[in-house]
């Protein structure tokens, strides 16, 4: 029911991953029911089927980049929209069943993206250890707790759940790495603009990349809309045809964004609206305004045009 | 009174010029009252003061270019709008009081723009004649009739009025030269689109010519609007600041033009609307259509946006 | 002979016009021979024929705009280049044979461009006088001296030559109006860059004004070249086909300008180089520099490319 | 040694993956030594260290998209260049130890990207089977051969190596899916243009995505260079700063590409050249040519500029 806050949440599991930690930063989710899903598609399917009200899934990581399965799910299938974003600092720890000198660690379980994000640290501190790929950060912690490997790269939440001991913290190479998550729901009336919003889109363009992509960017540029993110994903049809995922500054309820969306709609093969929602900032930054592009400017120019059409040039 | 066709016409005189000939191609003017004015400003002043309903003045010539005084009058002063354009082939004749061999012509009276348009012909056929500048084509004919000069370059209409004899016709260097005239009235409701219309604008831009002019052109480009004419005129303030006179394809009542006008309004120092009116074609040519830019396309994209905003992504 | 400064000058006459005054600001012209020509074409023909070394002709006026005949002569015929520009403040006076109260002035002789530039002054101070068009500022002074009219609008140089009395000075509506003149010679090696130069071009573009003009501007933009002037002139072929006269910031000997010129050459129907010469500034202004576009930047990027091509990516 | 074809090859292992199959399409690799590496970084490190002459690694998949680790390795670390690309059709089979009816298959081992590419087939034909993630296509085949799972999604090469039986072939949802591999070597002189080449670049841009990305695309556009691929990857510094991986039409030895590269070098924070090499086409397609952008056009415009600078405007 529109207006009712979601109370049944699903998230990319297993329990003990960063996604669960991100979900619990939302008060409604802390109060509501939280169910892990085995995959992003499964999480989204639960929302599409009405078994959950909202799904939290990872969208991109500042080091590892976009999460392809999330983008592909958003670009195809029945529509879902982003209603919130959560940006969470990534913090990896090296943990083991008991306090162990690093020199004695021979094997480390890690999700490939985790080991990629800690590559320099591993090279410097565990040059001789073998890093073994496992299928999730939670699986790494579990396998270390089970004694299959000497240690695990995992999230702090995995330490407490598995009663591990932290051997080293802040082991990620980029100390300010973050992961960005999206809370997805079935489509419904869009929230009010806050003045610092993001509008996410997936657009597919026809042949001739340079010209077509320039045309897309120009539709944004003439309305003073900037991008905080652009990602390309193959459409699956042939090499060289793409969806572009765009995170635009602004809200669908704003005049400039409305006009830009209509422009994209007219020139693109497909435009999929993925939601307008407040930008989550870890650090407050001033929001730049673009001269001539406020709702007032659009209202004024529309009134002027109406006068022109009526013959009133006074 | 809006809707009443004009009946009192003023035009750039004197009688016997191309402007009078152009005016008489309009049935309403042929039926109405036609008064010559001594100058373009005087003609426009008569309309502004309500002494005439409409003024016909030259706008540009395919050889001589824009008529600066007309552009300057349109860009400043109280607003007038173009409701019709008339394109008239330019036809110059060499005429004299009586039939005279060209070899005996020693002096030719001509308006400087007329002699400029016939330069090659004069060089080839009257290499030794002195061309004397006079102040209008009509004055050339009158002075030849008065015997002040051996011959005159003038319009056919000047021959009959002054009982001259044509020594040579079609003497203009460009056989397809035309002059374009504008019928100007006080502002009132704009006529209906015909599908092949022109919208004339004067825009003034701020500093940084390349960037600002690119921005103006981009506002047109993204709405699929083309230009049939662009003229720059200094604003009179300092070298390097300009009005641009733009003749755009389309009509102010069309969605794409409305959106483009609003865009220009937001980014330009000043936008002056100079009218939307049917294009006058001497030769029928197909009117190119731009995919995605019809009123239907705009209506469709607006409906799609309304659905997005209501949360209907079905 | 290249390197020899010009000594035989021709200028748009008659004597006593602003053009003569502008020419005499050049030391070489003050020392050399100065011959008036009856028209711009005649002046340029003298240079083309080798009868003069250089011609000074008006290029544009900050109020009246471009001088069409000069532009047309530059765009066609055998090539000439601008080697100097002279910017001269325009100063009109009202003069008569003897001191006369303004209230007694019934007729004023004036070149149409002069009366246009003094229109407001005339309306305020001589509301009842008849302004009679004559063919030059010098002719106005001469006719007033001859008693044909009560007064003349003319240049100060016309007062002294014709022993007139000034009734009012600084009568132009725009007190900072200027005229810009070009000194034209036969082509020869181009002078050295000064760091504050102008490069003048005439380019003709193919159909589709918006797209083609955008392409021209983009060639300049990507090399950080700005425009101090853009004028369109019909090519004389049909309405809607134009030459554009561009005054660009920079010098043909500079790398960025060289690359831009080559780019224009490849995309335009025709590019005519009209000279690179020092900008004449009445008031000193800082010359903006564009990051990344100096000759050093171009040399650096060329060296980098050479290394790439040699396989040296170090 | 430049000019010596590579003979020691390393590739992303294990044996039996698509990468090995791709490598064996190269005659030099078929004749040379082929060593599997455990990861893309390990493969590239072998080349950087001189232990191998060339490494074949996956670059992108038409369904799964870019291979992030390959892009990140190319954008950082000591430079390597692409000298060949190999495009290989992706062909998945469902295989088991012995011929088994599909209805009896309860568990399927699959690399997550493999199961993603066969999702629809699995849903239609094995709706009740559990798909278990494993770490490579080769590992899937091995685990099925070991009897750990009832069947495996794997490459044909995995069937023969593990003596499996094919239960179903062509099970990928996109029958024309391909993977594109890059052969990487240490930098050296670039090969000759073939007329149908790709130049790969990684560029990082400063703030303001829309404007900066438009500037990058414009540098390509004005030289008539198109893109067959654009991928964004975070730089790892903060959300919203990106490397763009561009596959451009053309070769570094061509004039238009040289000029575009220099332009990018001047405006981008960083430009990394990743190689110019022949495009591998599975299907022959005509290579579009761009008017005005051939080497001859560049040579002609350079010669014209040299004449201008010398004062020869004839």
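When the chains are written out, they are named A, B, C and D in that same order, and each has its own residue count from 1.
Note that in this section contacts are C-beta pairs under 8 Å (C-beta built on N, C-alpha and C of every residue); 3 or more make two chains touch, one makes a residue touch a chain.
This structure is a prediction, so every number in the text was calculated from the model and none was measured.
Counting steps between touching chains, the shortest path from chain B to chain D takes 2.
Chains making contact with chain B as well as with chain C: none in this assembly.
Averaged C-alpha coordinates give centres for chain C and chain D that are 57 Å from one another.
Rounded to whole angstrom, the centroid-to-centroid distance between chain A and chain C, based on C-alpha atoms, equals 58 Å. With centres set at the average Cα position, the gap from chain A to chain D is 25 Å. Among all residues of chain C, those that touch two or more other chains are 218, 221.
Interface residues of chain B, counted against chain A in their complex, comprise 2, 79, 81, 187-190, 215, 218-219, 221-222, 252-253, 258-259, 261-263, 265-267, 273, 292-293, 297-298, 300-302, 304-305, 308-314. Chain contact summary for the complex, chain A toward chain D: residues 41, 60-65, 68-69, 72, 87, 116, 119, 133, 135, 173-174, 176-178, 180, 208-211, 213-214, 217-218, 220-221, 225-234, 236-240, 242.
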